[in-house]
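One structure is given below, represented as structure tokens, and several questions about it will come after.
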């Protein structure tokens, strides 16, 4: 029996966007309520998904997907070229499950966060809901084409959401965002095409190859056509490098730009800073995860051998991102920019975790993504609160806010400390797992050298440094704001804002205290993933 | 004997074409072109294309030259009737053309074309007529339509330029 | 007796080219109606009826006709259906230039020539058809009857004349090498190869391949937008179809080196078109260079073996995108003036739906989902990769890489239209939106999306039959 | 003593090249048209030369069509030149500067 | 059952804090009640812990089990922590009676107590680290309690950062320890095989310990942390948190290499010496105590290093009481002065004096605690300190190197300094006459203030731990700490004797210096260069704050410049270069196409040929370029075929 819950989850916001077509631009409240309702339904459905989820489903990565939906979408005969087959193929496993839940949650919160929007409300929410659809679609697609479609679709609404509702340099930021990520996705496109042509099943009837974009086939080396350029034993090279390695690097770069890695990260601070608060939230909490998820699901799963070969360098990329992002964050005087750089720094752990090829590392990277989803969402909302009131977010323009805004400061403290990796809060667990993976390896078989772990830990130190400094400068000390006109606006969090923050804070605390909730559902998939990728024995 | 004529016409073509390059007077150019085209017609006869030669004389020398003359007349400005036009890029043009000629020579003339000899057949007009109505009937129709198009378009365009 | 039989056979063949016949007859009648001073609206209606007729009466009979000078295969059948439809679309443009029945007559004669181009299997017919399209095009370019229009027509004419002469020279060499003017008798030789490139330069001229593309910007800038839309689709695609036929039927004329050379030209075309488009501020010029780049994408599809369906798909998408883009541009034009990007500033806030349409065509031209443009590029790169793999040719790989990079770069200039539309300050420009014009825009945009979701939708209209 | 075919070819090529040269160097549009005519004739000579040994005389047939086409082209050219002359008062190609190229 | 009891002990303080936060008006009372229950439970628990472990295990991550466990030594410390915390809570009711944010204060304090207890209970390296960090975090929160003053905020940040540096290094050590095949349970740790990685692990762990216990070179954060409310200083920065390092050292004792232990001992004695020296030059009443704490912690660390770990742990216990007592006394003094003499700075000892008559209970308690600290017989400090020194001596004897005797001898010397600065403080604060502006004479009345001090003072009396004041067996201690702490050796008597002598000398010296000579000369000494140098902690703190931190910041700014100066422009350059490339095609038009014309022009002019006028020939140059293109193709063809 096929359940259509995944489709429902994906298309629910889209349905909402269509519903919005029937609204008048002036019925702002109605528009907001519709957006909220549809995203809430999506959230409920994805929570429902957790209930039906089987923890130990399947014994191989390729068979571990649940709630699978598979229909033929495009089947186009192209002469001797064979037929062009694209499936509508969805499925969820432990890795994507929580990302889906996270994205539906953040979507709801984003709607709440944009509640005060006044201009172009209908277009905004339509784009917003489309964005949500495409993000969730990415996490659930099991067909490379479908994935790519959603991956690209993210760009368009994002482009306009930044460019139309953003800050003063919004157009620059949106163009930059678009071009950077497009370059990345074009690299992915090439590899996708190559993979498509290399993977196939022999049709028994008329003895032609049936190619498909099925990701599961691509992950399985048996499906590669013998002698094709990307098969395991391919001898084709591109400028002296084996073609498989080149393809992996292209995929890696494509996803890593989104993640982002240094030095392809400069789109991120600009985009984050210029985007409106809810959009920054989506950007940080979900869009970066697309890159990470792509690395897990696609780059590493399809080219495990190449990934293993480059594991060390990937970890170095991660370390670089951690240190570099941290140092940059330290130097910023715009709060939002600082947070944007801290995102870069945190995403570095994902790369290290992946590069370690251990269950701990991979699980840590995945956990880091989810935890960062919560934390960064909260961080950007924090900036949003300040920006809402004063239209300003320079660190040096504020001091001693804790006196005037105790509730807000409480949230800030909690989230900042979560972000700097205080144990007991969500940020710590991912980092712990990743570092466990690194140090485990370095002592056992020397996959990643110790210094990677050491430098990564230094990164944590830098994180602590800039967060504490910021707390000291902005929230402690004597109360002072630069402009006198801001004084009457400096009010503590209102009901709506508490409503937004509460789930995030709860999530941060619960994930930090008892990460097993998530890791239990994820663990099986991660083990299968590592078994598939690293040919490492599954931990008993 | 036929070779003498061949060289004669060839020389004529050569001379008239070269003079055409260097002349600055459009009227002279038109006459030189006429000379050139007539010699080409002669050349055609040698290569067993007498019908085409006739056509060449009729349409080219008769039609096109008159068109060109019309063009010259309609667009001249100087009162004394001499139309002097300048040229430019001579050096460069020579360079390019020389390169082209050399290349064509290298690629075409020096390549093996195989032994052929020029057939001397009679009844060509009949043959051409038949082929016009069978093999190339469509081409025949097409060029008829083309002439119509050109006629309509050109007359309309000319009318507009007169009136507007 | 033999002649009589041949004549009778030929007479029967006229049924096969019924759409062309309908077009020719129709346009002559249109001329007569014009002379009878029928109101222009009815002439327009009549033209539409004729075009529809030629669309509907396209014969699905395959084979060689007229003593093998005409070939009817799937491609030419598709084109006889498609090109009239596109012309019909152009017909629906809001006229901003001088109106007369001659205009429609010339439009239809370009179409007629294009259809013959597609159907020809003989160099003579092909040459005639190209000349027919060209002459009518020269005249159409000048139909603005202002300085720019005349200048464009002059340049177009001179350049076209030269290239047609070059082409004829090539044909003469080809003829010399093979003693025949039929495509399928052409064989490889040094003479033939030389002739081929002279000959191709004519076709490349029509399809605007580097280095024969130079007429494009001037002509597109000078001619009125509807004419440009027409030029960039109908005769150009017909040219590609002719190229396709030439490449497919000239057995053994090609050796790998020639293929590489042509591929190289395609790559150059892409690079040149993209780079040139980057610095344009006039939208029409920008689109024209974009069209040049697209030519570079289509060319390898004509060249490579077994790419018919992809060629078909790409061509369809290309036509829809281009018509949509030019139609969109024309919507904003004031009489006799060319549009610059800044004229569109801030319109997106006032007309969001138009803005969405601008996004759709821009994204399609770049080649991003969810538009047919993406599928077209996907198919194209797929087949390119397949060729790269099967013959391990670096040219194909370069082609892919250049194509990808050019797509990325083209984003920059195509997206400037929606960018100006939405992000620039409103300068309170006023445009009048013609309802029917807008309807067609929406329809075309929808088609683009539909072609993404169901790319095989055209197979329903034109069932695919692979020629042997 | 040259082979007649080669000689014909040389003459054809010569005419063609002369046409190209004229097209390049002359400033006047009518002159350029004359150059194009020469190019066409060059090609035609080739056709005829090759057709001389072809019993099907396709080259000659083509030549006939080309001559007609050349006439048609001159007509079109004349019409356009008249337009140009009306707007620019000259047929000097270098004075066409309204377009960017 | 025991599991639940443990959980109660752990969570009650936190619960108390939360309750206090919920009911701000009665916050102090509520949380004190919760703490008293905790203390009772901890005492009850201690009563039946018989050297065995009470484990409570749970799976925190999949396949990753962590657990709590308590043996007798940790049970004792649990009791210690809850007891002192309880007393501090009580004292805080008095101390913070005028503050508007008591609710927040008790929440933080409860949270701290909870984390500290968790630290003591946890039996897993990672779990321990979690609480370790939480302790640091709550310390930060408490230091910045009065955050309106930016000085406090900075102090808190520096304290946390210094801790964080050490903690993260510790974290690495723990992870490496885990990675080397351990399951992470502390109770099942064994000695590591000796190799490079074990050394690395040891060093990492050591640095973590040094950081938390404010040892050289990390000690600078502790004096800064004195800006916290004084009860907090008493609890955290004297009794509990700083002792966590010593506790960890005790727990992981087995992991360290022997020669590393020597280093630990040396670092301990260095810290003890430096701390004492600096304390001797201080004038701030709390900072003296802070440096004294550093010095005493140095003792403990040294004790661990020399192998007298049980004695060191015992010193931790005794030190907790008397140092907390001292701090509370200081708090009492400061509070009194802040009310009675609001015009004055309340912490400068030079401005105090003669408070004995106003604060009699405080004075006597202070005296007892001081006696314990300097190590006079009959007081608790004496027992533990002598134990450590004896351990040090016997360690020095056992080792072959003669240099090792430097350690116990220095320790003896430190006794003298300790006695000196404590005596000085006593004299400056309580004896003589008041040197401030003016003092309202209001006697100290609140029992809620006096009771905790008294309890702490009483618990600093030696008789609770050992009946014999000088030597002998130690029945109570044996029972509590579960180990034999009597140190055998012929060194015992002379050592104890000399120690007592030195202490008395020190006290006498301070009395001689401060009572006889009057304050003027003292002031002149205070302003002398040596004094300032020492008082500023040898400018170690300055070194960090002026050189290390700014250079790090400088680095950060430079790095951020990479983004704005290098990377961003680089990618912009790429896009620009594409545009430039398009310009190049444009130039091709202009230079090659048009430029050729001018080339021709110049050529022509040079040749003086018939060209008179040369116009730009755009149209025809297009022919040329197309034909050149064709020619290039043909050339290719010619070459290839």
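Letters A, B, C, D and E mark the chains as written, and numbering starts fresh at 1 in each.
Criterion: a residue touches a chain if its C-beta (ideal position, glycine included) is under 8 Å from a C-beta of that chain, and two chains touch if they have at least 3 such contacts.
On a predicted model such as this, the values are computed, not experimentally measured, just so you know.
**Q** Using the touch definition from the top, what's the fewest steps needed to get from chain D to chain E?
**A** When the steps are counted carefully, the minimum from chain D to chain E is 1.
**Q** For chain A and chain B, what is the smallest step count along a path of chains that touch one another?
**A** Minimal hop count between chain A and chain B: 2.
**Q** Work out the mean Cα position per chain and let me know which chain is farthest from chain D.
**A** Most distant chain from chain D: E.
**Q** Farthest chain from chain A, going by mean C-alpha coordinates, please.
**A** Chain B.
**Q** When the mean CA coordinate of each chain is compared with the mean CA coordinate of the whole protein, which chain is closest?
**A** Located nearest the centre of all protein C-alpha atoms is chain A.
**Q** Quick check: more C-beta contact pairs at A-E or at B-D?
**A** If we tally the contacting C-beta pairs, B-D comes out ahead.
**Q** If you average the CA atoms of chain C and of chain D, how far apart do the two points sit, in angstrom?
**A** Chain centres of chain C and chain D, defined by C-alpha means, are spaced 26 Å apart.
**Q** Averaging over Cα atoms per chain, report the distance between chain C and chain E in Å.
**A** Result: the chain centres lie 77 Å from each other.
**Q** Roughly how many whole angstrom separate the Cα centroids of chain B and chain E?
**A** Chain centres of chain B and chain E, defined by C-alpha means, are spaced 101 Å apart.
**Q** Between chain B and chain C, what's the gap in Å when you average each chain's C-alpha atoms?
**A** Taking the mean C-alpha position of each chain, the two centres sit 31 Å apart.
**Q** What are the residue numbers in chain C that touch two or more other chains?
**A** In chain C, residues 124, 128, 131, 135, 139, 142, 145, 155, 158, 162, 166, 173, 176, 190, 194, 214, 412 touch at least two other chains, as defined above.
**Q** Among the residues of chain E, which are close enough to touch at least two other chains?
**A** Each of 575, 615, 617, 619-620, 622-624, 627-628, 634, 637 in chain E touches at least two other chains.
**Q** Can you tell me which residues of chain D touch two or more of the remaining chains?
**A** If we look for residues of chain D contacting two or more partner chains, we find 9, 16, 20, 23-25, 27, 32-33, 44, 49, 51, 53-54, 61, 65, 69, 72, 76-77, 79-81, 83, 86, 92-94, 96, 101.
**Q** What are all the chain pairs that meet the touch criterion?
**A** Contacting pairs: A-C, A-E, B-C, B-D, B-E, C-D, C-E, D-E.
**Q** Okay, in this complex, where on chain A does chain E touch?
**A** 179-180, 262-263, 265-266, 269, 324, 327-328, 330-332, 363, 399-400, 402-403, 417, 422-424, 428-429, 432-433, 435-436, 438-444, 450, 453-454, 457-458, 460-462, 464-466, 468-469, 471-472, 475-479, 514-516, 519-520, 523, 539
**Q** Give the list of chain B residues in touch with chain D in this complex.
**A** These residues of chain B touch chain D: 3, 6-7, 10, 13-14, 17-18, 20-21, 26, 29-30, 33, 36-37, 40, 43-44, 46-49, 51-52, 55-56, 59-60, 63-64, 67-68, 70-72, 74-75, 77, 85-90, 92-94, 96-97, 100-101, 104-105, 108-109, 113, 116-119, 121, 124, 127-128, 131-132, 136, 139, 143, 146-147, 150-151, 153-155, 157-158, 160-162, 164.
**Q** Taking the complex as given, what residues does chain E use to touch chain A?
**A** The touching residues are 59-63, 126, 129-131, 133-134, 137, 144, 147-150, 152-154, 156-157, 160-161, 164-165, 168-169, 171-172, 175-176, 178-181, 197, 200, 552-553, 555-557, 559-563, 567-568, 570-571, 575.
**Q** In their shared complex, at which residues does chain C touch chain E?
**A** My answer: residues 155, 158-159, 162-163, 166, 190, 193-194, 197-198, 201, 210-212, 214-215, 257-258, 261, 265, 272, 275-279, 409, 412.
**Q** Which part of chain E faces chain B closely enough to touch in the complex?
**A** 596-597, 600, 603-604, 611, 613-615, 617, 620-621, 624, 627-628, 631, 634-635, 637-638
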